[in-house]
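In what comes next, subunit A is part of two complexes: it sits with subunit B in the first one and with subunit C in the second one.
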Partner chain A sequence: MSMVSRKRTLFVALCVLCTVLFAGSAFAEEKIIKIGTLFPLTGPSAVSGQNCLNSVLAAAEVINNANPDLNIPLAEKAGLLDGYKVVIVKADHQGKPDVAKSEAERLYNQEGVFAIIGSYNSSATKPASAVAERAKKLFLCGASSSAALTERDFKYFFRHAPTDAIESKEFTDYIEYLNKEKNAGIKTIGLFYENTEFGKHAADEGKKAAKEIGLEVVADVPFNNAATNLSSEVQTLKAANPDVVFGAALGADYSLWVRTMKQVNWLPKMAVNYCTGYQNPAVQKELAGDGDYFMGGMSFSPELAQKFMPEAIKVQEKYYRPLANQEFDSDSLQEGVMLLILAQAIEKAGGLDTEKVREILATETFVSPLSLSGEVAFEPGGQNVKALSVITQMKDLKYNTIYPTKYQDSEPMYPMAPWDKR
Partner chain B sequence: MDNFLQVLLDGVLNGLVYALVAAGLSLIWGVMDVINFAHGEFLMVGMYVSYWLGFILKIDPLFSWVAAGLFLFILGAVTYKIIIRNSLGKSGMAPLLATFGLSMVLKNFCMNRFTPNFRLLSGTILEGKTLSFGGAIISVPQLVTALFALVVLSLLYWMLKKTRLGWAIQATAMDKEAAELMGIKTENIFLLVFGIGGACVGITGGLMTSYLAVYPEVGGLFSLIAFVVVALGGFGSIPGALLAALLIGLVESFSGFYIAAVVKYVAVFAVYLAVILLRPRGLFGW
Partner chain C sequence: MTKKTTLSDRLWYLFLAAALVLPFIPGGIGNSFHGHVLTMVLLYAAMAQAWNIISGYCGQTSFGHAVFFGIGAYGAAMAVVQFNTLPWYGAPVGAVVAAVTSVLISAPCFKLKGHYFAIATFAIVEIFSRLFMIWDWVGGAIGLDYPILDDGWRNFSWSSDKNGYYLGALALFTLIFGVVRWIESHRMGYYFRAVREGQETAESLGVHSTAVKLSAMALSAGLTALCGAFFAQYNYRVDPPMVMSLDISMKFLLITILGGLGTFWGPLLGAAVLIPLQEYTRAYLSHLGSGVDLIIFGIIIILTMIKQPMGIMGIIRGVTRRTSTVPAKEGDA
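And then the complex of A and B:
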């Protein structure tokens, strides 16, 4: 090698070294907290997954920017601790449990995220949170409602949403109220649910709660999600003709279920839904009048928020709507709430020590203006003991709150109006 | 008895729709020996064409199926010209992988442009219309799609059996080189076959928007069932595809109602496996 080319090589090597060193110091000075999100961004639940992601992104904006107009903890100042910004690292589990597991591993091990928020589908949340537990990393869950998730005695798992067990109890309380106060005469029940972790668990809890108030289960109809048709499923329900149906069908399956019932000209007296396509305003918009009179458990509705969660409306208009082009829904909002709760815990811990943050999450009560109860606190296992939901009924694209009576803004419309009288 | 009739009619109507979805696939497979993995996505594109025509220009699916069929004819022909033609003869897997890639492109393009939202057309001419027959209720949008399926399949069968084009297609399917020696431009035949295959699924998609939501993943299970129908009916056989689709529809419907709704697809694939084990060339294949 000639002297000139040796000098040139040395110069290039020095340049590379300097670049790496300066870049390294620049990264070291960058104060960021990486938070992973793991939602179904493609697949049958993609609409809900996108909404959940947008909700977390909106919550990150609340944390990262100074928002003196928002009466939410940490909103006033920009960033966390001494100027840390939250950076969201997105992942897609496609609604598949195996993908959720591998993506959780990737987020923790390769992306180096501090915590994961997700994963909407209980069937995906289950393996992904198991990865977190083994790695002793935090996993925060907004909307997955399978009660089994918080019955595993996990230490690093925290969930905001009311469980299927809580919702089932609320549904049967409402049925008792209708039977007593409105002489509704509800005696039989049918269950219509997707054949997944979420659906099966919801149905089990529904059957248990129904048994407690003496309802007879006359139809138990699981279905495969993303089916080409639901003719036999609806036909089975129609043949059994239950007074009330508890439904657990997400997204496109929900709209197909409603449309198929219309096709066969049948409805139960009442249909109540777990966290499903019912809660998604986009699905309701597509169904138009066909979605009327159906009911469901919700932790948020625009109407409810106007009265009890005004800050949620402000966040929605400032950050969520520009991203999602629609209002919050019950499921998506709860995912964003979990980022706000995590931010409070990090702030209280004074740093990014996972154990300290976990301890604070497990022991303290958090102010949460974006939750219906206004507070969040987790019991051992990670369930939010302050979780609250109400029963709403859809009419003219509005979610009217009908139960508990404390929150009621409309009289329940019972029984559902038949298809030919709408 | 009411239930039996209802289940029977549901099975027949669903089966006819499956037949129309599968017809194009069967034709392409039979003539070119190419498995079009993007077939489900072709269906989805046809549904989007019909949906947007209905949503923006207020054209009912009863009419927009023409545009959906035409659009998919062009998409099928372009797919052949750009993708299939270049991958034919390279390796057995090349066309299959190429169409798989195309399916990903189409799905993700629609996901990106139209979001994963479910889109339902409201206020269509046939919406909510039903007929009562012996105590059973027939959904008119599904009935119309099923009748279209019969007409399109009959035309396809007639074209293959009675026209010079059909004979040329059959000759190409039997022996490409011999067909070329007879003066048949096999290149054009392949192009037409891919176009016709696309048009069939486009027409189905166009009509299905009158009762089914469209979203980027809607074609998934339909295409899987179409593969089963084609393999069951016999590659390249249109009557075979029709009868196999009716069988699939009936198995799905009866098992779903009389055994359990959740096992209906298990029953469908079990029948498929049984037939393939006992008669590998399908029920009506040669």
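And then the complex of A and C:
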């Protein structure tokens, strides 16, 4: 290559790089609404974070394009207000609270986003949403489940997912139902959870709910997330041998936990999970039959959606699957739902006045065909009072709904089949 | 007799003057992302310089500084969150607790030499991190979250304008670099370097090596804790993985080694390269997915270390040597 052509190539490469890096400045001339997303795109929760991001991108497609085939508010027309398009500005918090805080500041101050959707890990959502509250900007949260998030009396924070407290109550209601209707004889409980904001809160709520129905807590086993070995923790559970275990282990930790239980040849009579790796279809595929008989709280499953949320399946096939190459899961879907709710609030406000949009989010009830309850409404503090989840049980890579009975499509398989009889 | 002003002195005063003026220039700091990056450069340079006292000047490689950083962070956070008072009370308490803890930990560990000392400090981070994880009084695994505070120096909190944080970081930077500058030119600095170059030789000349190492460690830990307190105030939150992990310890090492171990300017140069690289690659390339930012970050560090194992200071000294006929004096670069 001659010197001249080498220089020319270098010049072209620099132009391309500049175009990519500074493409953002061109947005100012268009009718756009910038929405920031803040998820763990790298680090231990990266897979879930990518799914959450893809869900928000799918929701943006629903808003930006005319979708007469979808029975979702605002889907029929293209864009918001008088032709505004939603542009997603992505950021990665790596699962670190300090990074989440500085990225939230960058999104609001540098990128000029109208609102942020995120952040999956409760420990990252907390400082990032505090940035929003201080700056009087909107922060919408799909999946983070720590009850503490909506106990701060924040005015600009709104969360879709049921909290650990709501799920714990549902789990113990189910145990009472099993004891009464199926004579299950569940008397003792163990807690297995990652030692983080999410896991600790879930375990605390689980203990509280268990004590209320008279269950004896015989094992309280935290573990460090992104673990490489859980043998000693599982041996502790095995030694205490609780009738039921409440689990809070995300992604790869969940599959390691299940596999370690198989290694030590032990299972409780029943294992119920908070929003964890249990909900992720990719994790279940990886576990194959080993994930069978485990249970978990869910706001979405393909089986549930066929019956109660048909529009979610349509969005999944039209926009989400091409991006993520898999089905929705509870966590990811809820992040996308929050963008659809925000879009409705902006449309009702008739513009981008943060205070007006906040007021509408805080006071109105929104139609939400992608939510299990079909509606979303926020109480002071930002919790979705219509949040609903059901208990499902995994069998042959299917999430069978077993409780509440209103949604039940299968009989619960209780107790769990031992490892040597599968 | 007046002391001759060296090139290093002139650079030091010039740097401080420029850094002090910056927030008063419109668009200098404000609430910009660049302001955040500059604040972090000053903080991490100060942290690395505090670590440089024991590891660079005194030759005792410590992987345990995350413990002292964490204690400082918890000092400020406990004052605000648990005792409902000002961080100004918590920060010095944290620094004293960190210094005392460092002496208690180091006294037995200093019986070990070289790699064995480093490995012992490695384990200490894990022990403290686990302890804080299960210690409910300090928030356990959930950590401590700050309430919404009024902006200003009283609470050491600013949400809309980062000038206060920048000036706070600059003050911390000046304090720690100033202390090291003083040490370099006084008897204590010679003791530190004597112990680093050969403990037995130093002892044969009457230097009490254990006392020297313990005082270096206490000073280093106390100053590190002040950086931790700043970090807590800046992020409005502490939890063990955030402030007391091996990740934090590795940052002390990486910045100092990249800049130049045992040199005055090394920590600043290391932070000035590493922190913007880390922040800007994450901010502007993370959307490409799959950790492209981290890959680029890693490649640049590997290339720098292959090219010049003595760090950026090594590169500068090499260039100075080639372009000047007069050999550079120690402390000039």
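Details
To be clear about the criterion, the second predicted complex is superposed on the first by the 393 of 422 C-alpha atoms of A that agree within 3 Å, B and C clash if a C-alpha of one lies under 4 Å from a C-alpha of the other, contacts with A are read in each partner's own complex, and residues count from 1 in each chain.
Going forward, contacts are C-beta pairs under 8 Å (C-beta built on N, C-alpha and C of every residue); 3 or more make two chains touch, one makes a residue touch a chain.
Because the structure is a prediction, the values reported are computed rather than measured.
In the three-chain model built by superposing on subunit A, subunit B clashes with subunit C. Contact with subunit C, but none with subunit B, is seen for A:P97 once the two complexes are overlaid on the shared chain. In the superposed model, A:S231 makes contact with subunit B only, not with subunit C. Applying the stated contact rule after C-alpha superposition, one finds that A:E105 touches subunit C and leaves subunit B untouched. In the superposition on chain A, A:P302 makes contact with neither subunit B nor subunit C. Shared-chain residue A:K126: touches subunit C; no touch with subunit B.
Residue contacts after overlaying the shared chain place A:N195 against subunit B and subunit C alike. Of the two partner chains placed by the overlay, neither subunit B nor subunit C lies in contact with A:P404. After superposition on chain A, the stretch of subunit C whose C-alpha atoms clash with subunit B is 296-304, while the remaining options among 80-88, 134-142, 206-214 or 296-304 stay clear.
When the two complexes are laid over each other on chain A, subunit A has residues 41-42, 46, 50, 195, 222 in contact with both subunit B and subunit C. On the subunit A side of its complex with subunit C, the touching residues are 21, 41-42, 46, 50, 89-92, 94, 96-99, 101-103, 105-106, 109-110, 123, 126-127, 130-131, 133-135, 148, 195-197, 199-201, 222. The touching residues of subunit B, when paired with subunit A in their complex, are 3, 6-7, 10, 14, 18, 111, 115-120, 122, 128, 130, 137, 139, 142, 211-213, 215-218, 220-222, 225, 252-253, 255-257, 260-262, 264-265. Interface residues of subunit A, counted against subunit B in their complex, comprise 41-44, 46-47, 49-50, 195, 221-224, 226-229, 231-233, 235-236, 239, 251-252, 255-256, 259, 262-265, 282-283, 286-288, 419. Interface residues of subunit C facing subunit A in the complex, by the touch rule stated above, are 31-33, 36, 133-134, 140-143, 145-146, 148, 159-160, 231, 235-237, 239, 241-242, 279, 282-284, 286-287, 289-291, 293-294.
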